[in-house]
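Below is one structure, written out as C-alpha cells; the observations come after it.
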C-alpha cells in the first residue's frame, strides 16, 4: 500500500463511484482501512493516526470486522500467578486482563495473592452447552402440543440434520417451550473449544428445516430469545448457557485478617447484606459484587465476545464462616467462552491465550475452553474477595481515589 | 528505556527483591511493562511482542491499569453517516465500533443506511442519574423506619456533604429501601459528562458519614447492590441508571421492502414473537434482539467501561405497523456513558470520540454524554432493524456464513 | 322467597326468556341464587345444597359477586395471642386465618408462641401507596419526553382532577416511564383504610382526561401493567404497592433451642441456603419460605382480595445470629390491604376483622389498614420462623404426615 | 355437643389447664371450635356467630385446619356454559368461582359468552410435574460436581426410594443445580389427580436419605426454594410446576365488534402495549391482564390451595390479528391443581368440583386434574378477553363504578 493508493480510493468514494463498505473489493485490506481514515479525517477534521497504528494485518481481521479503520487499543495487565485445581485448568496461571478501569487489576491481584497464600482455588465446569432457540408459529395450542411431542420423540432426527452442518458440534438436547401459538425449541450443543454461537445457529437452521417439513410449525425467527444471547435473562441464570462454572477457596481466618485487612465475620456480613439481600431487593439476576469486571477484562484480553459479558454477569457469590476458615465461592451460570474462532486468532488475543496456556483446540476437545472458564471464574472469585474485603473495611472509595481516575 | 533496564528489573523480581506490581516505583512505565513481558515470556515461554506494540504512552495509561504489560488491540470499524435529531446529538454521525464479531458492522450499517433513507432517527435522553446505594444496618424495623424518615427529610444535608467532594456532581435524590434491619439508600447524581461512578462513590461516602453521625444506622458496605453496578437487575431496567435513552424511526413501507428485503408485517411479527413473547418466557430484563452488540462495540471504541455493557443490555425494542410506515424504537433504560474520565483519554478512544464529535466536556455540561447516549441508542436501533429484517427473511445464519467466522 | 319462585324463575331461563345473569332484575337475590342452583342441578345432576347454606344475606353480597349461587366455606382457625409493637398495631392480637392446608395454623401458632415468649415482635409500615399506571401512546420519543416533562411539572393539576372523584384518596405522586412511543404514568395514592384499587382507577381515569387534553398523548389502556396489579412484577417488589411492611423479633438463643427445637446457627444456615441463595438461583422475586401461606389465609379470613396474594408473596426473610439472640425479619414489599370496602363487609369477614380489632375506618384514617398490614407481616414472620425451624430440624414432611392430608 | 361442654372447655383453657390447640384432644371438633369462639368472644368482645354457622362437620375439616373456630364464607357465582375442546376437558362447563371482587364474574362471563359464540376454546396441558427441591451442602465445588454427576446417573435409585413412599406418584426427573457449596436437586413427580406437594415432599425425603448415604452431601433443608412453592420465581415461569396449560380461541372480527364492543386492532394494541411492553418494563414474570383473578376465584371455589395463586399468575396472554379473526391465548406456566386431597373433600368445594364434572380421581389417573387445569386456563382466557376489551373501549372504571364495591 501507498498513501496514494488510499487517497485515490477515498476519492472514488467521494465521487460516489464506490461505497464505504466496498473498498475491500478494490484494494487490499490495509489500503481500504487507510482510505476510510482519509475520508473520516476529511468529513470530521479528525486524524485517526493512533487508531491506524494497529499491530496486526488488516487482512487477518477480515473475519472479525467490516468497514475497518484500525483498532481500539485497551491497556492490558496481568494478574497472577493464580493456582487452580480445576477439572481442566491445572497449576499456576497468569491471567491477562484488558480494562480502562483503574484499580481493577490491583484489586483482583490482591485477591489472587490471598488465594495463593491459602493454597489455591478449586474450580469446576458443572454444565456445558451452547444454545439456540428458534421460534415457530402454529395453528393453536393443540398444534403446539403436537409439535412439542413430535420434537421430544425426534431429537435423534434433529441431531442428524444439525450435526451434518458441523465437524465438531454435537446436539445434546432440544427442549420445547410453548406460549399460545408460539413454539420455542431450545437446542443445546456441545461445541467443544469454540464458543459456538455460529455453529449452533447454522446447525439449528438445518434442524428447523426438518421441523418445518415434518410438522405443521412455521419458522418465524431462527432466534426466539429463549437462547438467550446477549440479553439478561433468567433462563440463562437458571439453566446455564456456554459453561456453568464455579470456583471456590477456603482461607484460614488469620489470613483473612493479615491479607485482606478485615475479618471473616465482616466479609460474611457484607456478602449477605449486599450480594444476597441487596441483590434480592434489586430484582437481580446477578448476586455478586463485580464479577462482570473480571469477565469483561478477561474477555477483552482473550478474544472473547464483549457483548456476552451480559450473560457472564449471571453470577452468585457465596461466603460462609466455616470452622477452619472463610469459605468463598463464585458460580457463573452462563459463561460463553472459546479458545478457537471469534477473536481468538487476532495477534494480541492469541498471545494472551498463549500466556494463559489454553490457546487453540484442547485435548480432549473442549478442555481448553473448560480451562478458560475455570480460570475466569477463579479470577472473578479473586475480585469478589478483594472488593468484599475493601467494602467491609470501608476503603473502596479511597482505593479509587489513590489508584483510579 | 532500554531492554537492559527491563531485563535488570525483571531479574530483581525473579530474585524476590521486587514484586510484580511494584515495578512502576523503580522505573518508568514503559520499562516496567517491558520487564513484565520479559518475566511472563520466561515463565510461560510466550513472547508478548504484539501486546507490547501498543501505540500510547504507558505512563498515560496509569490511571487505567496496573501490572500493565501492553494492550489488547481490537479491530475498529465505522458505521454511518447516521442522521439523528436528538435532544443533544444533532446531524450526521460516524459511529466507531470495535468488535471481533464478524458481520456486526455490516449488519448495523445496513440499518444505518435504512434509517438514513427514511430521513433519520429521533433520539432523546429521558432520565439521567448515576446511582450508588450503600447498605446500613440498624437495630430493628422501627429504627429502619426512623432512619428512612430522617433521610427523606434531610436530603439537603446529604447533598451538602456529598457535593463538597466534587466540583461537578449534584445530588438529585436519595431513596430509602428497607429489608428487615437493612437500610439501603439509593443516591442519584447528575454527573454531567462523566459516567460518574467514582464521583458518586466518593460523594456518597461523605454523605454516609452524615447518616452515621445523625442516625443510629451503621454502614456495612458503601455499595449495597441497589445501585446496581455491573449486575443484571430490575431496578436499573425500571428506574434507570446513567442515561435512560430512546431512539426511533419511521420507515415507509416500501423502503422496508426495498432496503430490508422483508415486510413491515414480517418485522412486527418477528419482534412480537421473539423480542416480546420470547423474552417474556425467558424471564428477561432485556427485550431486544442484540442491543448489547452495539453497546459493547461502541463502548470498546469510545473508552467506556466494558463491564457496564451488562446494564446497557436492559433495552426494549418495539415495532409498530403504522399507516405511514414501520415505526421502530429502542429504549435503553440504563446506559452508563461519559465523555470525560475513565478510558476516554486514551489515544485511540479519544480519536474515536473526536470522530463522533463529542469528546470532552460538553456545553452545557452533560450534553456530550447525552449526545453519546443518543448516538449509541440510535446505533442499537439500526442493529435491531437489521437483525429483525435478517431473521424475518431467514438469512441470519447465511449472513454469518458469508461474513463471520 | 319460596322454592316455587326459584323454580319459576329457573323455568324462564330454560325457556330462553331470561339470561342467567339477569335474575336479580326479576327477583330478590336469594331467589335468584336459588334459581341458579336449580338450573345447575338440572344441567349437571349435582345438588348445590351446602353451597346454598350460606350464612349471609344474598343481597348484601351484591357488590361482591354476580351470578351468585351461594358461598364457598373455608375452614377458619385462629393464631395468637400475638404481641406486636407496631406503628399502628399495638398489643395482643388474635389472627384469624382461613385455609385448607393442614398443618399451617399449627405451624404459624408455634411461631407465634415463640415470638410471645421472646417478648413480642416489632412491626412497621414503611411505605404506602396504591398505584394505577395507564399507558398512553405518542408520536415518537421526542413527544414521549415532552409528555413526561409536562406530567412532572403538573402533578398538582393531575391531583386536582384525580381527587375530585374521591372523598378519601390523595394523589401522592405520578412517575412517568417511557418505552419508545409508550408513556406509562404510575399514579400513587394514599387510599387510607381502603385497599383502594377502584378508587385509584376512577381517580386516574379523571387525571388521564387532563393528560389527553393538555398533551399529545392518547390513552391506550387505563392500566398499562406498571401498576402492577395481580401479576408478579419487580416494580412492586422494589417500589412497593399498597403497604410496604416489615416485622421482626429477637429470640434469645436458648429459646430457639427450647421452643423451636433447633439452633440459631441451623436457622441462619437454612435461611441463607434456601431463602437467599436458593431463591437467587430460582430467579425469584420472593426470598422467603412460605409467606404467601399466611398472607393467603389471612386474606381469606379478613375479606381481602385473594388474587392479591400474588403481590403479598414479594417478601424477603432475613435471619441474623446476633450476640443476644436470633434476629429474624420479614419484609413484604407490596401488601395490599384494607379494612373498608371489598369483602370486608361480609359477615364472616367483618367478624374476623372485629376479632383482630381493626374493622372499619381507623382513627386516624389509614391506621386500621396499617395495623392489619403489620399483623399479617408478623403472622408471616411467625410462619417463617416455624418452617425454617422445622426444615432445619428436618421434620417438615413428618409434620405434614401427622397433621396434613 | 352442648353449649355447656364448650363453656366448660373454655374455662379449662382460661384456668391454664389446657392450651387452645389441645381442645380436640378433650372434646369433639364441634365443641372444641365452639369453646374457642367462647374464648375469643371473651377476650375480644366480639361474637363469632356467623363464623360459627359453617355448613360442614368440624371433624371433616381436621385434615385442613387446626385451632378451628368456624369458616370463612366467600360468595360463589358461576360462569358458563363454557365449551372447551381440551386434551382432557371436553364439552360444556359451568365454572364455579368464589370471590369478593365485584364485576369479576360478570366480566369473565362476558368473555365466556364471546368464546361460546366463536364456537368454543381449545385447551391443552403441555407439561406436568410437581416439584420439590431440597438443598444440600458439600465440601467444595469439586464435590458439588461429583454429587451432581452421581445424581444424574442414579435417578433410577432415587425413583425407587421416592416411589416406595407413595401409591400414586412417579418420579419423572431429578435436575441438579449448583451454587458454590450448595447442591439443589429439583425432583419432579407425576402426582396424577393430586396437586401433590405433600406426596412430593415425603417422597423426596426418602430420596434424600439415599443421596446422603451414597454421596458426601448433607441435607440442609428439604425445600431449597428451587421448587419453587408459593413464591414468584422465574424457574416456575420457565420450566413449569404443576400443570403448564394453555387455552386459545379464534374470534371472527365481526364478533369482536358485536360482543366485545371494540375491534381486533384495539385489542391487539392494548395487549401489546399493556401485557407485553408494560409487563416487560415492570420486570414481570406475568404478562397478562388479570389471570390471577380467575385462578384465585376458581381455586377458592374448587378446594385448591389459595397461596398457589402466586404461581398461577405466571401467565402470558397473546393476541394476534389473523385474517379470519382475533386469535387470543393464555398460557399458565405453573398451575398447581388437584381433584383429590387438600381442600377438595370439603362439602362446598366437593359440590363445586362436581358441578364442573371433575371431582375425585380421573380415568385415566391424572385426567381430572388435567381437565381442571384446562378449564381454569380457559376461564382465564375469558377474563383476559373481557378486560382487554373493556380497557380498549375505556370502560374499566365505569364498569367498576356500576358493578363494583
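Should a chain be cited, it is by its letter among A, B, C and D, assigned in written order, with residues numbered from 1 in that chain.
The working rule: a contact is a pair of C-beta atoms (placed from the backbone, for glycine too) under 8 Å apart; a residue touches a chain by one contact, two chains touch by 3 or more.
For each chain, UniProt lists the protein as follows: A, B, C, D = 3-hydroxy-3-methylglutaryl coenzyme A reductase.
Being a predicted model, the structure only gives us computed values, none of them experimental.
Counting hops only between chains that touch, chain B reaches chain D in a minimum of 1.
To fit its Cα atoms onto chain C, chain B must turn through 180 degrees, a value rounded to the nearest 5. In summary, the pair chain A and chain D forms a contact in which both copies contribute largely the same residue numbers, shared numbers making up over half of all those used.
Each chain gets a centre from the mean of its Cα atoms; for chain A and chain D, those two points are 39 Å apart. Each chain gets one centre point, the mean of its Cα atoms, and the points for chain C and chain D are 16 Å apart. Residues of chain C found to touch two or more other chains are 177, 179-180, 182, 234-235, 237-238, 277, 279-285, 287, 316, 318.
Chain-to-chain contact here is organised exhaustively, every possible pair of chains being in touch. Listed in rising order, the residues of chain B touching chain C in the complex are 85, 87, 122-124, 126, 140-142, 144-145, 148, 177-182, 234-235, 237-239, 244, 246-248, 250, 283, 316, 318, 320, 327, 329-331. Per the touch definition, chain A reaches chain C in the complex via residues 234, 237-238, 272, 276-277, 279-285, 287, 316, 318.
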